[in-house]
Amino acid sequence: MSQDHDVSHAAGPNRRRILQFGAAAGAFAVAGPVVGWMPAAGAATPPVKPKGQAVIGLSQEPTVFQPLKLHIEVDEAVYMNLFGTLWRSNPDGSFAPDLAAEIPTVENGGVSADGLHWRVKLRPDVKWHDGTPFTAEDVKYNLALLVDPKFLSGRRAGHDLVRDVTVVSPTEIAWRMERPYAPYPAILSWTWLGPKHILEKEADVNKPAFAQNPVGTGPFRWSERVPGDHVTLKAYEGYHGPGPFLETLVIKYVPDLTVLYTQFQTGDIDYIGLQGITPDHYDEAKTLKDRTVMPVPKATTENLALNTALPVFKDRAVREALYMAVDKASIIEQLYYGLPTPTESYLPMQSWAYNPDLPKQSYDPDGAKALLDAAGWKPGPDGVRVKDGVRLEFTNSTTAGNHLREQAQQLLQQNWGDIGARMTISNLPPAVMWGDYWMLSKFESAMVGLDFMVGPDPDATDYFSSQAIAAKGGGGQNTTQFVSPEADALLKEGASTVDRAERKAAYLKLQALVRRELPYLPLFQYAMVQGVKTGLEGYTPNINTQENCWNANQWRWA
Amino acid sequence: MARPAPTGPVLDVRGLSVGFADGRAIVPAVHDVGFSLAAGETLALVGESGSGKSVTSLAAMRLLPPAPRTRVTGSALLRCRDGAVRDLLALPDAAMRRLRGDEIAMIFQEPMTSLNPVHRIGDQIAEGLRFHRGLHRRDALKRAEGLIERVGIPDAARRLRAYPHELSGGMRQRVMIAMALGCDPAVLIADEPTTALDVTVQAQILDLLKGLQRETGMGLVFITHNLGVVAEIADRVMVMYAGRIVERGGVVPVMTEPLMPYTRGLIASVPRLDLRGGDMVSIPGTVPDPRAPPPGCAFAPRCSHALPDPCDAAMPALDEARAGHLVRCRRWDAIAAGDARGAPVPEVVS
Amino acid sequence: MASFLAGRMAQSLVLLVLVSIIGFAVLHLAPGGPMAQFALVPGMSQAQLAAMSHAMGLDQPLPVQYWQWFGRLLAGDWGRSYRDSVPVLAVIAARLPATLELMVAAVALAVVTGVAVGILGAVRRHSVFDALSTAGAMAALSIPTFWFGLVTIYVFSVKLGWLPSGNRSTPGDASPWGYVHHLIAPACVLALVEVAVWSRYMRSAMLDVIDQDFVRTARAKGLTERRVILHHVVRNALLPMITLAGLELPTLLGGALVTETVFTWPGMGRLFLDSLGYRDYPVVMGILMVSALLVLLGSLLADLLGAVADPRIRLG
Amino acid sequence: MTDTPLAPARRFAAFLPGPRRAAMRRPRSRAVSRFLRHRLAVAGFAVILLMVLACALGPLLIPYDQLHIDLRARFAGPFAGPHVFGTDQLGRDLLVRLLMAGRISLTIGFAAMALSTLAGTTVGLVAGYRGGIVGAALMRLVDAVLCFPSVFLLLALAAFISPNVVTITLIIAATGWMEVARVVEGQIRALKTRDFALAAELMGASARYVMVNELLRNAVGPIIVAATLTVARAILAEAYVSFLGYGIQAPVASWGNMLNNAQQYLGSAPWLAIFPGLMITLAVGGFNFVGDGLRDALDARVEL
Amino acid sequence: MTGADAAPLVRVENLKQHFGARGFFGRGPVVRAVEDVSLDIRRGETLGLVGESGSGKSTLGRAVLRATVPTAGRIAFDGEDITGWSAGRLRALRPRMQMIFQDPFSSLNPRMTVGDIVGAPFVIQRKGLGPAERRARVVEALATVGLPERAADRYPHEFSGGQRQRIGIARALVMEPDFLVADEPVSALDVSIQAQVVNLLMEVRRRLSLTVLFISHDLAVVGHVCDRVAVMYLGRIVEIADTRTLFADPRHPYTEALFAAVPIPDPTLRRPRVKLEGDLPSPLAAPSGCAFRGRCRHALPACAEIVPPLRAVGPGHAAACIRDDLALASPLGFPVPAGP
């Protein structure tokens, strides 16, 4: 787990990859032989001509096909196969070049030692699906569009530090960073690039005709979309990388998780992505014939967010006591069928910055009571504890309709009731829950699954910086209103250097700090149950991508 | 069952009784009604609402709801075109359907509702012709046009294409008549055909019916409660009360010398245009409940001539008082002789 | 006729404006907003969300937003989806055929079955068939459609494996049978309630007609019972059904929505739910307006058809 | 509405001289006896009565708390062991939850019915009696709301409101009053043409007196029928909204959200979906059958 | 009866009553139910109003009671112009003017007991009577129409048509009105019952010295009960006279035709029939000039030009026909035995 190589060693198979897999070995026990993600690791005799069709089932519908625009997680399932990035994240967090010829490092001169000057060499042999060659001009156009104030950009943070973009040659581009920003390579690893020659002709970049018939550099090209049902992609034979080996890739939208599972069961779907198979169906799914079912870790952690600005949560003892009273084991073992991994950190344990040495929570209602007693929270006549007129009473909210989370919520309600804390459930539709209610810290406590990282990068400034409290005019997502000068300093330290060792040290400290202060009560790191039809080879999970169809160019039917 | 009978009445109803099922009980509506009708003759069936006159005619036409909802006994012998006499009440359904609308036809009280609102007049008239005569639509419509002219509707060709709602009440009744006459029936039953019409139109329809009868020689059963109309159109009269015939005979004897007190009351209560003044004459009381009929003469409770015995004791028989003049009253001869004994019965709220 | 149409158009316009005001107010006054869907995108910040919100004009006062929306609508511009910037009409047009396909299939099934059952029930009033069909119709009206759909999927897809468990087609399979195969279960589930409704309506319409004078007139002509029933009774009993068909349209649309959610049918109802979830106001408004238009058009069509079929009604 | 003394449907009855006077009692008791003849309606009524009693008293008799979570007892099957109907995904007794859910669902059903009937009757009464511009305007409003398929409106409202018993009741009522308004408007418009309304006006009666004492009194039958069917509709609506996750929220149980939660266990624990589904069907069916029976029993044209 | 010089109880001047289907958008065709009618009803008299269905006689009856808002013209009751009175103002007047309806089925509220129906005027007029007192008045009114006390506790459907009509009369009389509009009170009844109700009506008229507007299509009944008769055709009065005068000497061809059409219940008598062709024209599209000319055997080209005014043709006798030269048949004239 503890990797301290810097980006310069990212390319190529190495020890780190093997270690990485070792860590997840338990989860892969049932997966059978796993095909590697590197071209060389593929099956011995890849088919010459793409053939066959694979259907990816998703519980949300991809609808945005201009990859630079504001979009959501599910849209990326299409981007990964339709578009290219400069480089991609490997499952171990290292980068593999895609449109770039190599990963820029200090060693190869791609990045200056101070991290301010970048020079990226591009592959010369890449062509857009319409046959137009891909050049440095395309990259320049994309970088500019991302920060165009008129454009509804999917991400500005990071890109807005880029200055003086220069096209050195059709295969080389250079720029300067306003200040050193360590997560930027990670950001670029999920910045899919669109074709300049088409996008620049759009009458309105926010209403692109392009999205009806997108053109990329990915292994598959656009075929058709049946709204509400599926998107069909066809193999792009001029793809610059390995593959594709499938002739057709269908990304099917099945809005209901149970129906999605049923379709996987009946064979209508070859691979379940996004939220995967619900844990309730895990046991049953394992017994299915000709299906490979495996839990794979995700970067998302389940948390109980406490709004620390509220009087009731101001007291650290309360946060600590509530955490002690959580029957984590029951939640994980019973409600989630043992699939997720208990965690104490906000980072996934696969991250190079993960701190494995945080104190372990254990279910201890008596300890929690003692702690509250000691802190002066005395039980009132109705059993609810009170201190200085503040009742230990709060609401807990999450997205209405998330069954497992609602079950956990109800268990928590019972757990906390036992120690004299009254929690009321007040769930809201997603559009309400995650609107101002969440962003402007109007909630009291919330159950939320968050990926605190920036792509594969462990920078969590937006969640823990005191400058990131939207309720106080900040621009980030520090919705628990966590304020700690110490954390601010550590975040700054971690983001302003490209040296991974230095960064890691800062982030280890930050994790310890967050674990101590508990603005979030960490429950577990998600594991998603992926299902693949037996015979579909080349499938590889990747915790650093939003979607595990990141390498569909490698998929093939046995 | 068909037997040749070259002469005699075209329609001969005998011993007709009808009962309606009400839950488990059968409520009697018509008892033992009999009459005969000669070709070219008009028989008026007179009575107040509930007297059973319409039920009698519907029963003869087999248009009442089928058993078990109704129970019909007796016979109705129709002399058909082929000379055979058939009992309408005993024929199988299909055979009856072939006669109905062909040899025996019927028109109804409400010309507003008796025509199908969604079909054109022409088609409705032609329908019977097509069914009974097997005519094609075009030929049937041609015949229908002639019929429309015959019942006195101007501009027949255009009216053929009209819908019922486009016609006035009088015109609709004419259409009904045209429809009934399409197959030249031997018998036409007209169930209160003028009741819903204004007097001026009523007069037109009566004239029309009389004229048509003269032309075709059909027998006409004319059901009405209006004694004025009876006087205008009928050859013979049959008065019904509470489901029974109470008096039957030629129109002149029955209306000028009625023997049954009910008939007398009925005639007396018709208001006249002669401005004679004084109170209008009425029959006290109301018709009896068919579920709980009085033990004797059904009219006795309202009759000013009734005596406890014999009137209340048993239902009197239908006697032939004079030649061709029948009456259902024990005291008809005493009353005819001027005996007005018997106290007026006070009116009761049931 | 022309003046009738003009009157109805004017009336419909007023209704549509009312509908749009009610819909707009309901949608926009409620908490939440279209930006919430992006909140949990990794690395999303409030600053970015606020900027987008501003760019979309969501921070303007409601009446201004309404007025702008309405103004564009008058110019034929229904706006674009907040989600993917596709014109609303295009979004809806892409989904409407699926919904119509489902509705047409269900209605065809329901009308044929329902009318037949209703006719038989009325003709054989108080028979065993009548009692059973009445009880069956009432039961069908009482079963929650979504539950019935679930059970159908469980039995016919999961257990028996006879029917697909959802969606409109199998990708890669373009055969007509594939489409029909997918259509069977949702169409039957949607039709269930409609069969019940239509059979009840038809039965009572028949009973209203069957005792009328003109039926007796038809019998007096000596027509066969079959012709009396079909030519005179059914013909008249179908008249109110035309109007009822118009009135039934909103229910049918609602039923289609329910069915679409259960069978993951890619129709307008599904789109409605998704768009509601994303607070995609332009699309939600678009669907409300389109469904209101459909309903109004349906009732107008029903009135026109009714007038064609019923000579007594003169439009003018 | 039948105004003529000889309505077509009654023609044969009219052949019977002196209508069934002997058998006639007051309209109310006649309606009761007609209703009792309707076997399905009586069965429906019995089901509803039983259900109301069970939901009211049942939870007091069952030794389990509807909210008590016992993860060791998850997914216990029905009719075996201490939990008669089995347990749910959190090991809670299903029977007691069904009954508690019944309280919620039935309460919402009745409350929504009361509200929408009140609103619909008022609108329909005023629109039907006033007619003219006022009536037309009111009925256009009804039309406008009816333009939304009610499920659309229901969901649009539900998706935006923080769901609890009161708000769900309100939105169901808000989407359910139009039918009642239409029924009442039609009834009143027909009744208004009857001479007894004119007679009251000619006695100097105020509009309110005529509306309430003369007209509404005669429209009570259809209103009761509509109200009964509205209960059925409201229960279904609640179930549907809860089923989609927009309705009553955990841990409070309603039949709809029980179904919602049961959906994913359809394969492994089908009873979790079957029992609430049956309860909804029974309750809705009960009200539908009663409504149908009442329609026959209270049918105005038999009265006149 | 009362002298013709006394002020009339009801005076109608140039009354017009039109109905148009008015919707939310625009209006439908206009039915001209009553066109320019002027009429006096003298105190204590019974005025008959005769005409075929669609002639506007019922509309006129209702307009006189201010049940409708007249389109034009003036209505005065007991010397006061009540044309523009509001419902509230009319309320005080209501007990003095009452109505009896044609349909004994629809005029009684089926959900109220007979006692409540007959007692309703007291409740509506807020007379402040206690229940016992009200009951006494109801019973008294029922007794007047020949119904026993126990009738008060029953519902209307428990009564026969004739009895219901009595209940209607009791309701109209309970407030002891001065003026009564009887709108076809006996047309829905059987002949043998008709006379009971007519006689009752005449009896209470005498006892309470009522002024009555008696609307009927039956000339014979009208001749029986009325002091004067007005004949209506298509919204207009075409002839008005004392009953005897009208019967003996009709001056309008329509009156003549009406008389001639009434069948006489004596098969031995035949009158010369005055044939009337065609039907009443639609009030939506009345012909120009004299509305009757299309069916009139005496029509002249001049009849098409103007609407003939109602003008005096004798003492207390007015007719709206331009021809003075007609010798019209009278029902009192020549009933002749039927020919062989």
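The chains carry the letters A, B, C, D and E, assigned in the order they are written, with residues numbered from 1 in each.
We take it that a contact is a pair of C-beta atoms (placed from the backbone, for glycine too) under 8 Å apart; a residue touches a chain by one contact, two chains touch by 3 or more.
Chains and their UniProt names: B, E = ABC transporter ATP-binding protein; C, D = ABC transporter permease.
Computed from a prediction, not measured in an experiment: that's the story for all the values here.
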item: Length of the shortest touching-chain route, chain A through to chain B; value: 2
item: Set of chains whose contacts include both chain D and chain B; value: C, E
item: Intersection of the contact lists for chain A and chain D; value: C
item: Most widely separated chain from chain B, with each centre as the mean of CA atoms; value: A
item: Chain pair that, of all pairs, has the most C-beta pairs in contact; value: A-C
item: Chain C-chain D separation of Cα centroids, rounded to whole Å; value: 22
item: Approximate Å spacing (C-alpha centroids) for the pair chain A, chain C; value: 40
item: Approximate Å spacing (C-alpha centroids) for the pair chain B, chain C; value: 53
item: CA centroid of chain A to CA centroid of chain E, Å; value: 89
item: Residue list for chain D, restricted to those that touch at least two other chains; value: 8, 12, 18, 21, 140, 159-160, 162, 244, 263, 266-267
item: Multi-partner residues of chain C (each touching 2 or more other chains); value: 11, 30-32, 153, 158, 212-213, 261, 273, 276-277
item: Multi-chain contact residues (two or more partners), chain A; value: 256, 428-429, 431-432
item: Chain D residues within the chain A interface of the complex; value: 67-69, 71, 74, 89-90, 159-160, 162-163, 244-246, 249-251, 260-261, 263-268
item: Interface residues, chain C side, partner chain A - complex; value: 30-52, 55-56, 80-81, 83-86, 91, 94-95, 98, 153, 157-158, 161, 164-172, 261-264, 266-267, 270-271, 273-274, 276-279
item: Contact set on chain B toward chain C in their complex; value: 61, 63, 94, 96-102, 105-106, 108, 110, 113-120, 127-128, 131-132, 163, 165, 176, 179-180
item: Footprint of chain D on chain A - complex, ascending; value: 256-258, 278, 280-281, 284, 330, 334-335, 400-401, 403, 406-407, 409-411, 413-414, 425-429, 431-432
item: Chain E residues within the chain D interface of the complex; value: 22-24, 62, 65, 67, 87, 90-95, 97-99, 101-112, 117, 120-121, 124-125, 155, 157-158, 160-161, 168, 171, 175, 188
